[in-house]
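Sharing a structure, written as structure tokens. Questions coming.
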Amino acid sequence: MMWLTILMLLPIVGAGAIAILPKKNEKLTKQAALATTLIVMATTMAMARGFERDNVELQYVEKYSWIPAFGINYALGIDGLALVLILMSTILAPVVVLAGWNESHGGRWSVKTFYILILVLETMMIGVFAATDLFLFYVIFEAMLIPVYFLIGGYGTGERSAAAVKFLIYSLFGGLLMLASIIALYVISGAQGGHSFDLTQLSDLEMSSTTQNLLFLGFFIAFAIKAPLWPLHTWLPDAAHSATPGTSVLLLGVLDKVGTFGMIRYCLTLFPEASKTFTPLILVLAVISIIYGAILAIGQRDLKRLIAFTSISHFGFITMGIFAMTSQGHSGATLYMFNHGFSTAALFLVGGWMMTRRGSSKIADFGGLQRITPVMAWMFFLAGMSSLALPGLSSFVSEFLVLVGTFTRYPVHAVIATFGVVLAALYILIPVQKALHGPTTPGNEALSDLNLREKIAIAPIMAIIISLGFYPSPLLNVINPAASHVIAQLGFTDPVPTSGGK
Amino acid sequence: MMTSTGLVYLIALPLAGAAILLLAGRRSDKWGHLLATGLSAASFFLGLYQLSLMLGRSSAQRPIGQKLFEWISVGTFKIDAGLLLDQLSICFVLLITGVGTIIHIYSIAYMSHDLDRRRFFAFLNFFIAAMLLLVLGDSYLNLYVGWEGVGLASYLLIGFWNQKPAYATASKKAFIMNRVGDMGLSFAVMIAFATMGTVSFSGIKAAAEQTSTAALTGIGIMLLIAATGKSAQFPLQAWLGDAMAGPTPVSALIHAATMVTAGVYLITRSNFIFDAAPTAQLLVVIVGAITLLFGALIGTAKDDIKKALAASTMSQIGYMILAAGLGPVGYAFAIMHLLTHGFFKAGMFLGAGSVMHGMNDEVNMRKYGALRKFMPITFITFGLGYLAILGVPPFAGFYSKDMIIETAFNAGGIKGIILGSVTLLGAGITAFYMTRVMILTFTGTSRWDEKAHPHESPWLMWLPMAILAVGSVTSGYLLSNGDALAHWLSPLFESHEEHHELLPPIVVSALALTLVAIGVAIAFLKYSRSGVDAVAPSDVSILTTIARQDLMQDRFNEVVFMRPGQVLTSALVKTDEVIIDGAVHGVARSALGVGASLRGLQNGFVRSYAALILIGALALIAAIWVVAQ
Amino acid sequence: MTFITPVLNYTLLSPILILLAGALVGVLIEAFVSKTLRSTAQLSITIGTLVLSLTQVWKIRNEESTLVAMGSVVIDGPAILLQASILIISIISIFVIADTDHFTALAAALPGSDEERHSVESGNQVTEVYPLTLFAISGMMLFPVATDLITLFVALEMLSLPLYLLAGLSRRRRLASQESALKYFLLGAFSSAFFLLGMAYLYGYSASVTFAGIRASVVGGSGNDVLLLIGIAFVSIGLLFKVGAVPFHAWSPDVYQGAPTPITGFMAAATKIAAFGAMLRIYYTVFANAQWSWSPALSAIAIITMLFGSLVAIAQRDVKRMLAYSSIAHAGFLLSGVIALNKAGLDASIFYLFAYGVATVGAFAVVTLVRDSAGEVTDLNRWKGLGKRSPWVATTFAAFLLAFAGIPLTSGFIGKFAIFSAAYESGAKAVVIAGILSSAIAAFFYIRVIVLMFFTDPVQDGTSVQIPSALTRITVIFAIILTIALGVFPAPLLSFITDLATFIR
Amino acid sequence: MDVANYLYLSALLFTIGAVGVIVRRNAIVVFMCIELMLNAANLSFVTFSRINGDLNGQVIAFFTMVVAACEVVVGLAIIVMIYRSRRSASVDDASLLSR
């Protein structure tokens, strides 16, 4: 059964259905979108049930010839890593639709367009993680930009078009670098027994170390732009600032994960040697991102920008975990991707509700919300706690795994990174104090608390954040085999305890 | 080790309470506080039950554990959500739940007028649960969860009235400084895993002897940092004073009896590490000694009754840390002082709360005076606590504190003499400032505002105070009688060789009492004879001024960390905008510029186009020519 | 002396002959049919001719012969493909050209004269544009299949001369249109002089006028290399001029802007195919063995062309000029296919030419739709908010731009990938890097237009979208469908090309 | 005398023509210069035809003349049209389209 293709088709079908719905009936449109995303989520979970945890091979594999002239296939398949990310995406989609019920108003275009874009985007989100053919991946990787571009530019706020353009150009540039590498790979594969884009075949290619390094850079820079790594991050704050909260969630929560996902799936598997060569540099960049992102978050006066910078710090952790080349670091990083999706979603959605109610995203404009809108304040606080990785919440597990995993091989990096944890407390508690605590400042007296829809939307996220904090095993059991497989393929083994041990 | 299935309920009950109260929201305003108190009490009785079971077993069999589920497992990094109840943790369980329950009861009355009382009780329950997890966790990572959990609870409770900006700031400060300490804990865990491949107490205990001293010292120091954060020890002590922003029951429970003593627990629990890492141990002692005096000195200058008590807490915990730093000989006494302190300090805080209750929340002792007639019960209970903390026999403090002083002297060599005299001095200063508190508050002439109508608190408030007072009278004797506690705990620690006594116990006690007497005397002369003026005198010695400002601790932090931090932040924000983002835009702009300038070639004159073609032709020929050669 | 009767394979020549016949008929119609019927007749004749010719091409698709016309013309896979592409492009261009509103009613009349006004009012619309186009097309058909110097030169002029005239036929802004015609003509003639001299030297070098003969002596290495090199250089100039490669590009922005938009579209698409077709044939067969001499120079030109086109396009304010510069950049991309000099390069170039041609005609067709009272509006600032006023047109145009930018799921991406990978395969890494880089730059201005159309609020100045005829709509729809289809399912066309495209010598 | 000289002559003529195109303003003259270039090319053809001892070159020369004639037709048409509408045959006046 072609699970993945079906998964990818469902949103498209939904989009088509919405396209033929009457323009007038916006409510119906929204309901259709919500229904579609819910169906996709259900299907994904149904698929996940059948996933064999300990099988490190790709599962649910599909392969059809697409462009034989170039040896390009429509090839899908998932391992633990992909499954987790697809799950995250498909769970986030309905949440975003429900949470951003009114985001589509006040856009340049109709409500219909908004949801069509969202659904098209969802298809691509699934496809980009499921693709096992490099060309297919690249196609989706690039095509994804377009709906997001229109979502930001069409439905965002403030300098939306400028931000959208910046985002698009930045990403396109990275994509083109990657294209150069892909072309090179294609040619090399042609020279070594037949053109192919099949990951497994590409990973066996013989390359001189210089070639490998160059091609690696092509890929890595593209991914480093996506998963904003210092110093390629400057597009993110602007984009996040202009996009609607829902879009931001998909942007930071899912699209940016494509970057870190790509680092694992493509950089590491295709260019093991180069990965090792560049690890020191990348780790330094990651650590810088962690600290830099955190400090800049502290320095922000705008809530959306603040959240964006916290994400830069978090992506630093993820990248560090990936390149620590230990099973803990790797599993931690993967789990981190999942958790970050939800904690950022929580921050952006609740923050978004606050901002839409207050009509401003300046932190200074809020004050004393805890008295006025207790539930909303609590949700924001909880989201913040998850963002600063409070033990007992899901993000703690992943962050700590990353740190421990890094420490065993790169103690210095881990130690510096740990300071980011303290900074995290600052960048969360400062807005919490300014916005939620203190006396209620003028302009906030009349704010309304979360309504039922919003409560329903945020509930699952919070449930995931808390439950996974105490019981992450279900995910870890899926992630571990994949992670350790990658590590093993790279020829790494976890450092053994330096002195004795059990 | 025996396993049990019941341990989890110790935590689950109060946690459930917190969850219910928070989720039910206003609906549970009516009965929320009762439920919370009930659950806390239930947890206490469960603890007693476990104790009875434990007493029924041979000392080797006493520790019991419970594996709930596999929490984190990646590669060799395997952490179970496991609980461990042994002779050490049971003490804490009982202290936490016992004192906790008492304070729950107290709060019912104390918070009765507060609209958010339900939320308050939810937090209290949450704190109890977190604190229990802290002492029951069977690995450093599980402990870590509780560790930050109590941090969160303390943040929430300090900032319970966070509509007051100052209070909100105080809570933030507490959380941040705790986080700094927590870093130490995570480092400790990382080093432990990297060197021994495990982070469970049993695992590390087993692996400790094959482990290099360097690593152990590293772990030890990191644990010490963690302890200083949580227990407000030097150099991370600055938050405790401000933490008094929280409602008084909180100060009593969290910032006197239980949470702040977590550091002592951590060090005692990690005895197998510190015993093998003398350097770390020495540092522990030093930290303890410094804080002991530090707190005491601050205490002498505070007019805010709660801050004075807070300072004294700091100093008393200094005693405990110091004791814990003395190794096997000290652990038991550290714990003993911890327990007794739990009683009398909590009692005194509740007393202070009762006073404030009667003086419509006035905290400035200079605005008190002569309250003993108006609130006799408070006076008596507070007084008993006072005697206890002074270490007047036979009150609790006498046993616990003297033991510590004694062991300090016996630490041997110059070290022993220094530590001994420090502890003695501390005792003296303690006597001075506590007497000062007593005099300013209860005796002398009344210096209240006209609005104040002092009155005794309702029974729901004084009953707990009474119970604690009983504790502060008896607990010392009970615990030390026949070294009860020491024997009880001994299986956990390396048995220590009996070493030389510098001074016989009786001499130590005598010395201690004399110093106490001196302290009391000075206080009397200074405050009782010559009355006290309602406003703090400004013409005071520089020493006093410094002491009033908490020995400049905040100034120091501000100058050394905050200011540079703010500068760095704003600088980086600029850099990001101007340099990094500027570079990006610069590229775009330069492309535009080049385009615009090349555009000039297209001047519209056909002849220049032709010229361009001709030049191109020549260039082409030239190129081909060059290549051909 | 004996006289050899020429043997002509009329079947294989039929596509071209049909066109010429149609053109002549067109001339007669222009002369004898009443003005009321004229344009309908012309249109039907022209389209009929083109379709007929296309069917002929389809019929002979599997034929191969070097001796079609005594060795002056060759029919082989690439020839079929190129001719077919030219014809398809032409047909959809004709649909746009059919909107006579773009063309002056009376070319002979002075701009703004009573004569002109009268002929406009009386609907006395001359329709010489059809036969002219047909002549041009037949020249284009001949250009890539010519295999001797005479035919090559004649074909070049056949396709150029009508275009010079067509460029001058715009109804509005006639002075600009005439100027563009003049520029195009003078520069075209100028460059063809170089072309001719180059041919002369090749003839001198090889003592032969047929490609086969020249190739033989290039392979043999006999003869004076100086002549060969100058010959290659000058012939290249002629070809590079036609494709608009820097520094021989200067005509294209002005002509693209001045010429009537339908003609611009037709020119940009079809001429490129013809010229690159010829170029591919000459470099792949005749000059192949002298690669060492021209490859570096050509690479340099390719790189300069890509970067120049993209960079200058950023600074444009007029949509037609912007597209002109983008077509210069694309000429650079296509050159990398010539440099590749391998099968993959040939396939890729042919695919690219077709895909790009379709998109170009489509794009210019859309440009013809955006008008105000005074005719077309090509000033980009007045395109603001087009997406709001007529979303479909704007979306279509955006899609074409994305195809030009080479965004995946459009034909442009497949083309870019194919052609760059071919170039990379032949070791022309520098060209590929430059190509990637300029694609990045190019993306910048394509996106700027999209921003203008969608993300800026409309200016109320009467700019509106008019769909004059169903035919134009057909063109646009056909082009957009093909552009997307070739992006998503390029496999059939690609394999068709791969099977067919092999030069026979 | 050496036939190569004819080649030099043709090269010279071609250059003169090219330069003329660039320096002269009058469209007619510019066009004449182009014709000069074409005929220079013709000269080369004829010369090579002589050198190679076949007739192809000469045949091409004839073709070129024909083509040149066509060019004249088209060219003059355009130039005259411009001249009529602008009252000037200077190619520099025709520079509406630029940048």
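Order of writing sets the labels: A, B, C and D. Residues in every chain begin at 1.
Everything that follows uses one rule, which is that contacts are C-beta pairs under 8 Å (C-beta built on N, C-alpha and C of every residue); 3 or more make two chains touch, one makes a residue touch a chain.
The structure presented is a predicted model; accordingly, all values stated were derived computationally and were not measured.
Between the chain pairs C-D and A-C, more C-beta pairs are in contact across C-D.
The distance from the centre of subunit C to the centre of subunit D, with each centre set as the mean of the Cα atoms, comes to 25 Å.
The centroid of the Cα atoms in subunit A and the matching centroid in subunit C are 45 Å apart. For the pair subunit A and subunit B, the distance between mean C-alpha positions equals 37 Å. Centre-to-centre, using mean CA coordinates, subunit B is 80 Å away from subunit C. Annotation for subunit D: residues 18, 21, 30, 91, 94-98 touch two or more other chains. Counting partner chains per residue, subunit C shows two or more touched chains at residues 182-183, 186, 190, 194, 253-254, 444.
Contacts with at least two other chains are made by residues 588, 599, 602, 604, 606, 610 of subunit B.
Pairs of chains in mutual contact: A-B, A-C, B-C, B-D, C-D.
Of all the residues in subunit C, the ones that touch subunit D in their complex are 107-108, 110-111, 149-150, 153-154, 157, 161, 164-165, 168, 174-176, 178-183, 185-186, 189-190, 192-194, 196-197, 199-201, 203-204, 207-209, 253-254, 257-258.
By the touch criterion stated above, subunit D contacts subunit B in their complex at residues 18, 21-23, 25, 30, 91-92, 94-99. Per the touch definition, subunit B reaches subunit D in the complex via residues 599-600, 602-607, 610-611, 614. Taken together, the subunit D residues at the contact with subunit C in this complex read 7, 10, 14, 17-18, 21, 27, 30-31, 34, 37-38, 40-42, 44-45, 47-49, 51-52, 54, 56-57, 59-60, 63-64, 67, 70-71, 74-75, 77-79, 81-82, 84-86, 91, 94-98. Against subunit C, the residues of subunit A that register as touching in their complex are 65-70, 108-109, 138-140, 142-143, 146, 150, 153-154, 160-161, 164-165, 168-169, 172-173, 176-177, 179-180, 183-184, 186-187, 190.
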